[in-house]
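What follows is subunit A paired twice: with subunit B in the first complex and subunit C in the second.
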Partner chain A sequence: MATPKVPEVRDIMRIERIGAHSHIRGLGLDDALEPRQVSQGMVGQLASRRAAGVILEMIKDGHIAGRAVLIAGQPGTGKTAIAMGIAQSLGADTPFTALAGSEIFSLEMSKTEALSQAFRKAIGVRIKEETEIIEGEVVEIQIDRPATGTGAKVGKLTLKTTEMETIYDLGNKMIDSLSKEKVQAGDVITIDKATGKISKLGRSFTRARDYDAMGAQTQFVQCPEGELQKRKEVVHTVSLHEIDVINSRTQGFLALFSGDTGEIKSEVREQINAKVCEWREEGKAEIIPGVLFIDEVHMLDMECFSFLNRALESDLSPVLIMATNRGITRIRGTNYQSPHGIPIDLLDRLLIIATSPYTEKETRQILKIRCEEEDVELSEEAHTVLTRIGMETSLRYAIQLISTAGLVCRKRKGTEVQVEDIKRVYSLFLDEARSSQYMKEYQDSFLFNETQTATMDTS
Partner chain B sequence: MDTVSQRVLEYLIEVEDAAEDVLTTKHQIVDLDSKRNRNREALNALRTEISDSEKVKVCFGNMFIKFPKSKTREMIQKDQDQLEKEINDLRKGLKAKVNHLNEIQGKPELQGYNLSPLTTDEIKAMTSLFNK
Partner chain C sequence: MAVQSWRDSLKSSKKTALIHDGKRKIHYLFADGKEMAEEYDLKTDELIARRWRHKSTLGAQGQWQVEVGEPLPTPVASFECDAIQENCSNPVFMRKDTKSSFQWRIRNLPYSKDVFSVCVEPSERCIIIKTSNKKYYKKFNIPDLDRSRLPFDCSALSFTHANNTLIVSYKKPEEILTLEQELLKVIKKVKDTAGPDGDCKTQ
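For the complex of A and B:
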């Protein structure tokens, strides 16, 4: 029996600007991993989506770690879209780190350090925290102080849940922490059994009308259900990099937020690897190999590639997904030519997914999805014109025209973008081909023109 | 049509059964916990409110029996230990049952809950990560 299709739920919490790939919500595959023509923001590219789907399933099952995938194709054929689709369908629990090839060239740290941090960000460690707590609503709290003022105080605390009610005898220490937390009847509190730490969750709804004047920050909660003495289990997923950071410096976890983590000593990493492996042996931790996505991978140089080669072989290694739009080209930092600008020995380890240019129908479909995403209404003729532009220039250029044409349309107080609007923005903004044409015509009037060498390069 | 609806019905019955099972276990835990708390109250009362020589009245079913204090405490303590054990067992079983329910409902399995917990020291070292 096929399980009913779960409706696509969009995360409301995350407020995103409309990015180039904000319409992608998954790979658009059905249960049998067959790609649908148009689904979850994905259009066409059936073969590559299917391939990505197979890899996705293997990642989910944890079958492949330390493998690498290369998505190769011409510019504007949806390489990043496929990677985004994989990221979206992995779910929140599997770490996904995206990185552009040029990001590793920073002055703050060495290239290999940046890469190994990215690698470790893509590996998750799942651990469990278990605490015995007493959780209930305070019915009554009664404290007897000795008349002399000194000596032990005694007290009783009555707690209830929806099912039961009980009385606790209080010792001196408990009374102190209760008064420090200013616990009164009607509060919902939890007491950690091991440490005796009391935390106030809020006031019970049933006592909401006891006082009219209350601080704005007073939170109202339901009276807890079930047993009083509960066992709370929380599963956390943290990345290896985060563990590195809190252990690498005295400055502690604040480094996580400032972004300046600096270099992490390799001894620290080794210690943490050892600790995590020990936890895994003891059944205390699970390791989740995530995904590291390196876009524009041809920007990496020879050193980085050899580092990748080695890093993929370590036992704590994520799935590496790379994307490139280069054909046979020079490997950065050398004079050697190689397919995709990647050395042959690394290329040999990769599963390669190719993307092919979109057909006219697919282009039309993508433009339609983008229009919905950017809240622009397009008339039928304008849509056809835009598709034509997309086919003749590039898909990216056509997508750029959507929002600009939308603005022009709003300026003339229209509701729907017409062919005239498209024509206007088409004349206002040059596409790549027209711009090059213009350059060639007027090269003499520009500064520093080196047309001779420039034409050599582009050809 | 008939075989299909039959199958659907069987499936639904299976799901409902599993759900019922989870609920009963939860309820059992609540009952045991309330018993545990009552025992705890009794132990506290025995410790603080009654002198050692006195005998105490213990309620068995619908009958009160006078019992020496030390003997009573021993009895309740034993009962308490038994309860702790039962609650633990039930909680362990509950996880398996919830996972089974999720499985037949086609929901993803809860992951990580069968790990053994970190010790308090280890947790303390990691808390800064959890509270972000």
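For the complex of A and C:
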């Protein structure tokens, strides 16, 4: 059999689930940092997007440490979306750590430890390390699938250089990534032995004359020389936290996999900081300050805020972005009131970006983008009705109705969501206002109805 | 002299010895954090295995690297087999020294002797094995010579082929022989420290 087996790609294409912000692909700014009205999944909020763009430039420069930004605005005005947009435009190489304010409260770890870990996760170190790679031209790739369709696949890969030839046994993961990369006989590939990452360098010159349909971008390369396995210096980015974990003696490297890292001694951290600074001076490593995003920042308490004050002063600190939807409220852990529930001295260090409620036109746009993202067709009237719902109740509620209305529409074998479908789900699911109304009317018949007029208690 | 510096670092290293399974096992911990483990046959005093372990740049503990002796069985088979592994039909390269020479054995090479050519590359300080049928190629150095910074000698090299195995030998230079003799005397004096797992009886 000379022709390579056509790899089946379908079974490994991961279907991504659609999250609340999966339509965000960036901040939607042009080169002059001017926001476009609708771009990259972002709609409206022009001033705050522009502001976020300026912050983004500062992060990309990487010279300024320990700045903090607060995104404040009403619920459902795109605060998290702006943070996600920043994360998307930073690219894969700049660390972006996101956490919610309540995540740091745990019995296993003190609040400040959790915060310092989050801070150190947001600082990347680019460093050269030697790894073993396999580099060669594919002679043959053979994958046997069990006839039943399930169970382990077995594969063999023959690679050669100008001097030698070796057969490799393939594991399941490797088979998947080989077929995802569409590797076939004649390709020159490298495989990172430690991580199993495959990269295609191009097609071998000896195959240039093969009659084959290939794209214009196909590159031809020489068959590699010498040994198949080589040691090569690669540059990769690790976070300071990862280096901490590797060097904390208790569990060693395996702690990275077990996930249970526990607390890290401050001496270890100091050693690492000194080591990293040494590397930087010797030119071995480069520090990439990233972004730490704390959502719902009003959930932090007084101790955390004073820790933040201090942590921001270190020159190894990332850019901190926080988001909150609170107005003037009690600072958690005290009896003082303060704007956004954040102490004034910390607020003084922040740049504050405000988001404002969406207009009807913008709501309409957002709903349209979400429909595309969720693959739901909406008729013109249904769109108008949904926009009205969005304006009168909340944007989030309207977005929730999209997928449910889509389902109702599919059940009646329709292709396009009509006003009836929207009406149906509107009657099936209550929004917050109608639910409160219902509660007020029927509170006598509920259990434990000795309602004290609830003020939300955050402590 | 360079031989001397290697001899000194061997002497100053922290040594731990253990006799087990008819083998004398010695663990060296060097000042720079590198570790070396050797195994000698109790009767013949021949070196059976030598392994090294380094710390990676980030400070993680590395895997043991085999310099002399049988390759280690893949540590966590289930963890590894998901990725990529050499097929068992491939040539297996290992070093197995004799008293008078360094020796390498490459099993699973079912070609006739005239296919192979073995030569020393003094400029790159390595030995290269080539095959005219382009099936096998190997470039390797002799760490012992590198450590003592001794020159390579083309005439010391020889090779034979039998039973699908290629055997390459390189005669040990005088300096190495005396160094090994000295080292053997030193490690025999290292007290057999009873390990925590109680493999050895206390005298």
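FYI, the second predicted complex is superposed on the first by the 331 of 459 C-alpha atoms of A that agree within 3 Å, B and C clash if a C-alpha of one lies under 4 Å from a C-alpha of the other, contacts with A are read in each partner's own complex, and residues count from 1 in each chain.
The definition used in the following text is that contacts are C-beta pairs under 8 Å (C-beta built on N, C-alpha and C of every residue); 3 or more make two chains touch, one makes a residue touch a chain.
Only a predicted model underlies this, so the values are computations on that prediction, with no experimental measurement involved.
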Which superposed partner A:E233 touches (first subunit B, second subunit C, both, neither): first
Partner chain(s) touched by A:R126 [first = subunit B, second = subunit C, both, neither]: first
Contacts of A:I191 with subunit B and subunit C, given as first, second, both or neither: second
Partner chain in contact with A:E263 - subunit B first, subunit C second, else both or neither: neither
Subunit B versus subunit C as contact partner of A:G283, first or second or both or neither: first
Partner chain(s) touched by A:G171 [first = subunit B, second = subunit C, both, neither]: second
A:E420 touches, of subunit B and subunit C: first, second, both or neither? neither
First (subunit B), second (subunit C), both or neither touched by A:L157: second
Partner chain in contact with A:I243 - subunit B first, subunit C second, else both or neither: both
Subunit B/subunit C common contact set on subunit A: 127-129, 163-164, 166-167, 169, 226-227, 238, 242-243, 246, 252-253, 284
In the complex, subunit B residues that touch subunit A: 7, 11, 26, 29-30, 32-34, 36-38, 40-41, 44, 48, 91, 106, 111-113, 115-118, 120, 122-123, 125-126, 128-130, 132
Residue ranges of subunit C in contact with subunit A within the complex: 56-61, 80-87, 89-90, 130-131, 134-139
Complex contact set, residues of subunit A against subunit C: 127-129, 134, 156-157, 160-174, 191, 193, 196, 226-227, 238, 242-243, 246-247, 252-253, 275, 284
Touching residues (chain side subunit A, partner subunit B) in the complex: 1, 3, 93, 126-130, 163-164, 166-167, 169, 194-195, 226-229, 231, 233-238, 242-243, 246, 252-253, 256, 279, 282-286
